[in-house]
Structure formats: structure tokens, C-alpha cells
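The same chain A turns up in both complexes below, where it pairs with chain B and then with chain C.
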Partner chain A sequence: MSTVDLPVAPPAPRPGRRKEGQSPPWRLRDRLGLGLAWCLGLLFCAVAVAIVVYFLIQGIKYVRPSLFVTNPVTTANGTSGGGFLDPLLGTFLVTAMAMVVALPVGISIAVWLSEYGRPAALARVAESTIEMIAGIPSIVLALFGVLLFEAPVLGFLSSSAGGVVFGRSFFAAGTMLSLVALPLVVTNVRAGLEAIPNHVREASYALGKTRIATTRRVLLPAARPSVLTGAMLGAGRVIGDTAIIVVLLGATLTFNAAGSTPLLSTLRGTGSTLTYYVFYNAPTGEGNQPSRAYAAAFVLLVIVLALNVGVDVATRRARRLLWSS
Partner chain B sequence: MLGALVCLVVALLLGMFAFVIYEAWPSFSHNGLSWFGSGGSVDSEIQAIFNSGSSLGRPIYAFHGWPLIWGTILLVGGSVTIAFVCSLFVAVFIVEFSPDPMRRVLEPVVRLLASVPSVVYGLVGVFVLVPFLGNHLISAGSKASVQGIVTLNGYSLLAGVLILTVMIAPVMVSVFSDGLRAVPRGWLEASLGLGINRWRTVWKIGVRTARPVLVAGTVLATARALGEAVMVSMVCGVVSFAPNPADGWIFFVEPTRPLAATIISFIDDLSTPPMRHTLYAIAAVLLVSAAFLSLGGWAAKQPMKRYGARA
Partner chain C sequence: MEFLKPPPVRRLSGEETPGPAPATPDVPAPGNGNGNGGASALVGRGRRRIVSTPLAIDRMHADELSVAYGRKLAVDSVSLPIRQGEVLALIGPSGCGKTTLLRSLNRLTELSRDVTVSGRITLDDLDISAIDSTALRRRVTMVFQQPNPFPMSVFDNIAYVLREQASRRPKRSALRGAVHDAVSRAGLLDELGDDLNHPALRLSGGQQQRLCIARALAADPEVLLLDEPCSALDPKSTQVIEDLIVKLREDVAVVIVTHNLQQAYRVADYVGFMYLGKLVEYGSASQLFHAPREQRTKEYVRGEFG
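Our next item is the complex of A and B:
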């Protein structure tokens, strides 16, 4: 993989001025290019370090344990107090819901694409569909979600008042967010399945296993690290999404349950997530509480960081399982 | 069984196009092609559309979206151009030239930055970049020169482009460096064996072989930039102003509001019918451009694939 220690053969000695064993000097353009690559590389490092350090400082300054256990309070004059317990729980809830939808669907599509893929025309269409879903702005997905969940057929999934369905609920947001995670799950699982060499499949067939049994008992367990990677990358995107939350989860900071069944009512009701909490408390939002925005952003960053470490561990495990000798 | 599920997802995508465009149709059919033209202020048009929804008279649909489209083009074009050049060099640096310990740190950092939520970047913009631009870079004289037309307070095109660049560059870098790593070693070594120096080898063999991946990464990043609503609405200001290149360098610090951010700004008015159709029309424009973007990426990749590396 690494290219630093490439065996560079000494160039053939040219007659004339140059001493033996000395490589010809680089042209100016090459030197400029190399210099630019170094400069931009170091600049990139600097920006990355600056962002991380900035949020570390702000996080240490503003994160208080009390923020995690109290709910947002909106006082009469518009400023908000309290912590972000409900948004934090909302983030986990909505991510869990999105993954519950995206994982089975994504894995099935990936299995179909890599193991079956007949008819070929449908496979090609499905491939470009997944690619296109990855490119659709989440705000458009959100507006499509409003259309879907306002429909009377799906109205029971979200809160309604006097027969008017608003199409805003954890169900709606979770389902639409699963579309955000879906392409990442499909691409990763598919890459994992395609990395399994054919002799593994053939060995399984030779033992008399059917195609479905092979997929379930042999291929999917072998591809587990890539499933995990896909799931975590997808969850990262879901956690970071704001537009769908603003549109489909409603403009409240706390859980507003609809109905009285314990869990179901929360899922049918509206709520918020950390990203919306940050948006709300930024100077451009209604709350305008910078310290709370910073604290919530810091918590978000920590969650994303944890997911990234998870992805790293998963890929390392996948590398240990390399099939090719 | 699995095939049926795949068909369902394909149908969902087609349904999305159908539903959104159906819902957007009144706005398009009232305006015709002038929907995309310029003329008048978008904000006052939207106000009129909104008011007509609450009164009993005929709904008003007159809408000229050019300032929003122009803002989108400037933001996306600017940030993608800057991010592409920077990311290409950064990716080459990470894959070929960075010292080993640095690379081991950089690779996870790139992935982390690529998955940082966009509101967090927006927060950096709103607390650091916007006040800096507003207080230090924009002089009182230039603020006074456009007084009465638009307020220059730091919420600007430049802030949006910079933050958007920082947001999409890690996505590009991670895709690009995957592509560069997938270039067959033998090709590079053959070039080095011919006595060609390392930079030229990477540039002429590595980058050229990775071209399909470069296209794929750029398409991905452009889609992100196009659809970024919340972060842009945080740093680019709240008025829909079309920055005018004739204004000299003030052009860069003029506020703007692209298509996606406009939807977020007026999302609370979704319940009044004419407003709703207008917002869906904006969404339809975004949807169709995203579709064309991914089609364009596919088409651009075809001729490059013959010698391309896969990643």
C-alpha cells in the first residue's frame, strides 16, 4: 500500500556535466507541484487540527453534567434554558429507527445485486437508483416525506389534530432518514460480498447447501465487518442530518407524545435531535444560546468520533480476514 | 423476493419524482419558463404568494427564481472548484508523499472530518468566520456604498463558499485517496523504472488512471454542496440577493440564499397552498438537478473507464 519506500533505481549516468549516481534535477513544474502538494497537505492538517481543538476548548468550557439530565425549557421571552436530554435521546431514537429500516433493506439489496442480479437490466437500474438516492438532497427527501406521511393511509403513524394529519413524527423522520443511510449500507455490504472469492461459494455448494443457505450461513457472516462499516457510516450520516429533522420532526425541543401508549406514542409524536438543538441555539436560530449550541455540537462530535473509531476497528478486523493468500 | 424489494426501492424513487413534480406543477404552469428568469425581488414575491394563500382571493404564483439559482450556482461552483483542486493535491500528498506517521494520523482524521455534521461546520462559520468578515474585512466605506440595497454584515457568499469547501473537501479527499491507492503498483513502478521522477509519475500515471474515481468523488461532493440547506442558511444570510459581479470585490461579501436554504427558511409556511406549491417547485428543481448530476457523472466516467482504476 505504502509508496514511500519505492525502490527507485538510480538513473543511467548521462555523459557530461553530472556526476555519477546523481539524479537529474526536477523540472520547475514538478517542483512547484510537489511544493503545492506539501503546502495544501499541511494546510489541510492545520484546518483539521484547528477545528478539533476549537471544539475541544469550547466543549470543555461549556459542557456541564447538568445539561445531560435536564430537558430544554423555553421561557416566555423566547430564550431557552435547561439541558438537552430529550434531543440527545431523540438522536439515538431516530438513528435506531433509521437503521432498523435501512439495514435489512440495504443488506437485501446488496445481496441481490452481488449474488443474483438477474435480469441484468433491473440490476443496472437498481444500481443507478442507489447512486441517485445518494445524490438527492436531504431537504428534498424531507419534502417527499411530508407528502408520503400526510397521506391518510399512513396518517396513523403521525400526530393529527381534528382529522388533519401533519405528517410529522419519529416514524416519518426515521423512515426518510433510512433513505439517507441506505446507499452507504448497500455500497459497503456489496463491496464486502464481492471481496469474497468464488471458491468459498463453490465449496458451500459442493456441500449441498442451497444458494440462500450459502448467503445466510457463509457469505453474510464473512462480510460482517463490512456490514458493520456500512451501518456505522450510515448512522453517522443520519446523526448529522438536520434538514429532515427540521421538516419531519417538528419544531419542538422536547418529546411531544401523541396518544397514551408508552413507546408508540413517543414514536408517533414529535421531538428533536441534537443537530436541531444546535441549529435552534445558533445565533441565526430562535434560541440564540451560544454556550448550549457549543455544548451540543461537542457532544455530537464525540458521538461521530466514537462511530469513526468503530469503523476503524471493523475495517481492521476485515483486513485480518483477507481471503487472498 | 429480494427482487421485489429492489423493485420497491426503484418504484420509491420514481414515485418521489412523480409526487414532487406533481405537487410543484401549479407553480411551474403559472410561470412557464419565467420561473427560471430574473425580475423583481424573490422575497417580496414569496411574501405575496404567502399572503394570497391566507386571503380568499385568487392564489398568486408569480415567481422568478433566478437570484436563488444564481446563488446556488455561485456557491456550489465556487466551493466545488476550490475543493477539487485542494483535495486532489491533498490526496496525492497523503497517498504518495506524506511521511508514514503523518499518514497514519491523517487517514482517520479525513474520515472524521467527512462525517462531521454540517450544523457543526455552520456553527464554526457563524461564530468565527462571519464576525471576522463583518468586523475586519468589510470596511465601513464598502458597507455604506451599498446601503439601502443590501446590508453587508459578514453573512455572505464568501463565508458560505469557504465553509462549504471545508465541508466537502474531506469527502473528496477520502474518495480520491481511495482511487489513487487502487492504481496498479506495476504501472507506477514501470514509470519510475524509466527514470521519470516521482511527482511526474504520480501526476501522469496515478492521477490519470484514477480519473473515473475523481469524477465519482466530485459528483458526490457536488451533490452534498447542492443539497446543503441548514448550514448555508446559517452563514449566507437571510435575504435572497443575487450577488452582482459588477460590484467589484464587494461581490464576494454580498449575502445570498440558494435554493435549498430557501426551502428551510420558509418551511413553516408549508400549509398555505400556493406557498406549498412554490416550495415543492424549488424542491423539484433541486431533485432534477441532482438526477442530472448523477447522470452526468455516469456519462463522464464512460470513456475514462477503459484504462481506469476501480475503487
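Our next item is the complex of A and C:
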């Protein structure tokens, strides 16, 4: 402490442990809040790690190479054997079909919303429609899909017998699942397009390029990481969906082709995916083969985690190539 | 060789209005003969070149041009010529309509909503409203304030301009010569060497802006519009680009909008001073900076407002 008498005393440093330049200690309430936030954060990490580690252990314990190459076999007493070749292929097939529909449609909607957006009223309606679709539970979409694909007009997309259309096929499930992925594609592509500064568009127009040429050759390539992100997030949702598979894919453990044309018959026929295989073989399911359920769940988890890593890489790459603002 | 040493602007204007003049520092004695002699506060460096090219071809004419955003008049009946062989600089305080004037020259104003343009702009004696806007913008290209190369390689940036709209043809191999030509005209070839596959967004700011100039030149325009091309750049890149602008004026008519009076002084042959949408004064650079006719110009050039 200074002993010199000044007309105005300098602010005396508080006695204590604090060093020069250190900020005052937080109040107790703030410290408690911070501690709570830390605890909750760690808790969520712990939950996530627990899930992954648990399934890793279970997976390694039960996953056999043979599971990937054999088809499920349903024995007479209701328990099932064999592997999950068809469900695994079904997952890829139905996801591919959903994305084949969702990507072009979603990108077109996003381009229209971001680059044209007129008439403004229609754009607003389209926007809220997309939000609404994002909010619809997939089981409701599935029921709607049944109504839709049981219509005789769409009978050619699934098997029918004696004029009765079953409405259960890869076509039906893929189409309805595309609606699950669509909002994610639209939102991400749109965000990517809107992140491109306006002067980049103007630069292209100022070189005599039309709006379409600019979108096609400048904006969409620039938004490619966002397109990838949207596609992978959408695919993740499609892979994880069970309700539409149960209702619209027929939930037959193996492919049940309808017709004789090689690929078309499979697409018109029924099948299942890994999610349904897990559902069926879970301890509470019909099959009740927990070891197979764990193995399939592990494979499912690996696929979804790989997609998430892909999203991460894509967004990081997008961040690296930004215009000076 | 008297014109090599431009008399400092402050002293000249001080002679006419002897108010604030004594506050300015004394002028160094003229006579070092390299054009850098007049080191007043305004004239930082010498003019980049002194003699105007003998051949000035009329390219564009704005005639009683008025542009309004909604009810707000941004450009108010401006008439001026744009000539090849000369650099025209538009100066003036923020919001005086110089950028709007520039953007109306290639009809980029049409992109904004609620814009009304009246008056006449001609390109080679043809009214630009009669030319298809995409064709016009290839003849009157523009470089922006922000360096904005497209997120692709240097080569593709220029190939995009050379190709028809969204077409993928002609192929890369067929365009190599033209791309090299454009890159070298913008003075980038030495720095990039043969690595034209370099991602454009990884270039430095100054190189990006020169790539934008190369892109604008690749369309082989008659008029090149530059909207504050150096305001986002460091002094060194600015100098490189200024040298480039001066070189370019032989082949294209160059119009540059700038906030920077020194820059206008360094690069321009003719200068238009705009204030509140009106073209207050238009004249040769030395006349406008050294002997402005209008009181407003005098005040702006002396740095009293803006």
C-alpha cells in the first residue's frame, strides 16, 4: 500500500491473492452456473461415448463376416437365423432411391428460394411447406404413402393381385423417405447459396452471364460443400427411419421380387432395412435374437457415424474457402 | 518540361482563397524532374504518365442520364464522354452517385429493384438499351470493390468468361492460349508461372483483384469499369494495379470510381467530380486538381469535405 498522501488517492489494490492484470473472481452464482454447464456437457459426452463404446463392444462380440454375406432365415418356430445381407443392401437401396428423388428436387427448391424467390407469396408458402414436412412424423408420412401407392394408378410401382394393389415396394418407401430427407437438403443448400456474397453474383452478371449460367457454373459449385452436407444429413435420417420401412417396404426380411425384370422386380418388390432387422431381432421383437440385433445396430451406427464425419469434413472445407468479406 | 512537376493543389487554391492556405506545409522547390517533386498533402506521388495518348476514340456517351432508386435520385442528368486511350476517374464523397453512374453504363442497375433510368447512353453510337444486356456486359465489363474470383482455379475463372453462358465448350486445351493472354495482360503470368490450376481464392488480395481484371479483359471489352478496385488492397498491390490501369487505357476505355483523390490524380487523364448526383465538374486531371472552376470541386479537392 502506498503511504504517500495524494490529493486523490489511487485506487488501492485489494489485499489478497490476486495478481496484477487478473480479473476479479466470479460470483458464487456464476461459478455454480459454469460448473453446472461443465457437468452437463461432460454428461452428454459420457452418454455419447457410452453408446458408441457399448455398441462397439457388443458389435465386436457378435459381428461375424458371415452375417454380411448370408440372408436372414426364418425358422418354423419364429426365431431367425442367417445374416443380414438383404437388409443391408435394402438400406443402401432405399437410401439411394430416396436421395435420387430428394437431391434434385431439394436443390431446385433451394435455388428457386434463394435466387429467384418470386412471387414472394409463393416463396413464403413453399418455405413454410418445407418446414411443415420437416415436422411431420414419419409414421404419418408412411400412412399417407399407403393411401397414395394403393391407388390403382400407381399400381405399376408395387405388386398387385387380382386388382388389389398392395402399395408396398422400394418405390413407395423410397419416395416417401425422400420427403424425410428433402427439408434437410433444401435448408442446407439454401444456406450455402445465401452465404455466397452478392458481389460474386454481380461479378458473373457483369461478365454478360445469365442468371441460369451463374447458378449452374458459379453458385452451385461454390455451394457444393453445403449440398454434400445436406445430402449426408438427409441420408442419415433416411437410414435411421423405421416407420416408413415397416409400413411401406413390406418388412419382409429378404427381398421379395415382384415380376421378372432383374432390377425393376426388386424395386417393385418388398424388403427391409437394417433398422427393421434390429427392430425384428431386438429382445422385444418377433425374432428375439439379441446378438444379431446388436451386430446389425453396430453396423448401422458405423454407417451413420461415417456420414457425420463426412459432414464435418465438408463443412470444414467450406469454411476454408471463403471470400474476403 | 513544366508539366512534369505539377504544382501542389493547395498552394494554387490558396492563391484564390487565401483562407486556410497558410496552414498547409510549404511546398518543396520544384525541379527534381521525376514528377515526384510536388509532394503536397494531396499529391503523394507523381502522375503515372503525363502525356495523354494522342489517339482518343469516343466509345461511350452518357447524355442527360438520370438514375433513381424509387423516389431517390442517385444520378441527376449527367452527361459525359468515355474515350478509349484515356482513363476517366469519377470522384466525389460517399453516396454521390458515382458507383450508380458506373453501374448504369453496363445496365447492372437493372438488377436492383425499383430503379428508373432516363436519358441516353450510347456505346459506339448505339443506344445501350437496344443492345441485349448480356452482349452489352461483355462489351462493357466491370471489376468490383471486393476481389471476387469465383471459387475455382485461375484457369477456370477465365475459361468461364470465354465460354458461352453455361456451356462446357470449347474445351480447356482449346482455350489455353486465350487464358494465357488474359492472365498476362493483367500482369499475373509472371507471378503465377504456368500454374493456372491454382485455386483462385488462395491468391493474395492483390492477385485476386488482378485476376478479376484479367477476367474482365478476357471478354475483350471496349470499356472497362472499375469500381474502387483498390480500396480493399494494400499500397503495394494498389501500385501494381494502378500501373496496369495506365497500361490498359490504350486498348480499352477505362472508367475508374475512386474515393482516393491521390489515386485519381495518379491514374486519370480526365476526372469527373460528382456531388449529390450531379456532375459538378468534368475536365482534364491537371485542370480539375490544379485549377478547379467550381467552388465545390475546389473544396473537395482540398479535402474540406467528403
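The criterion applied here is as follows: the second predicted complex is superposed on the first by the 299 of 325 C-alpha atoms of A that agree within 3 Å, B and C clash if a C-alpha of one lies under 4 Å from a C-alpha of the other, contacts with A are read in each partner's own complex, and residues count from 1 in each chain.
Just so it is clear, a contact is a pair of C-beta atoms (placed from the backbone, for glycine too) under 8 Å apart; a residue touches a chain by one contact, two chains touch by 3 or more.
Every value quoted in this text rests on a predicted model; they were computed, and no experiment measured them.
Peer 1: Is the arrangement of chain B and chain C around the shared chain A a clash or a fit after superposition?
Peer 2: Result for chain B and chain C: fit.
Peer 1: State whether A:S204 touches chain B only (first), chain C only (second), both chains, or neither.
Peer 2: second
Peer 1: More residues of chain A in touch with chain C or with chain B?
Peer 2: When the residues of chain A touched by each partner are counted, B comes out ahead.
Peer 1: Return, as a multiple of 10 degrees, the angle whose vertex is the Cα centre of chain A and whose sides reach the Cα centres of chain B and chain C.
Peer 2: The three centres form an angle at chain A of 120 degrees.
Peer 1: Look at A:R217 in the shared chain and tell me whether it touches chain B only, chain C only, both, or neither; answer first, second, both or neither.
Peer 2: In the superposition, A:R217 touches chain C alone.
Peer 1: Touching A:V105 in the superposition: chain B (first), chain C (second), both, neither?
Peer 2: So A:V105 only meets chain B here.
Peer 1: If you take every C-alpha pair with one atom in chain B and one in chain C, what is the shortest distance in Å after superposing?
Peer 2: Least C-alpha distance: 18 Å.
Peer 1: Could you give the residue numbers on chain A that contact chain B in one complex and chain C in the other?
Peer 2: none
Peer 1: Given the complex with chain B, which residues does chain A contribute to the contact?
Peer 2: 1-4, 6-9, 11-12, 23, 26, 30-31, 33-34, 36-38, 40-41, 43-45, 47-48, 51, 54-55, 105, 108-109, 111-113, 116, 122, 125-126, 128-141, 143-144, 146-148, 179, 182, 233, 236-237, 239-243, 246-247, 251, 275, 278-279, 282-284, 290, 293-294, 297, 300-301, 304-305, 307-308, 311-312
Peer 1: Provide the residue numbers of chain A that touch chain C in the complex, in ascending order.
Peer 2: For this pair, the touching residues of chain A are 197, 199-200, 202-210, 212-213, 216-218, 221-222, 321-325.
Peer 1: Of all residues in chain C, which touch chain A in the complex?
Peer 2: 106, 108, 111, 133-138, 141-142, 144-148, 150-152, 160-161, 165-166, 199, 201, 205, 208, 212, 215-216, 219, 232
Peer 1: Within the complex, which stretch of chain B touches chain A?
Peer 2: It comes out as residues 2-3, 5-7, 9-10, 12-13, 16, 19-20, 23, 86, 89-90, 92-100, 102-103, 106, 108-113, 115-120, 122-124, 126-128, 166, 169, 173, 181, 188-189, 192-193, 195, 197-200, 203, 219-220, 223, 226-231, 233-234, 238, 260, 263-264, 267-268, 270, 279-280, 283, 286-287, 290-291, 293-294, 298.
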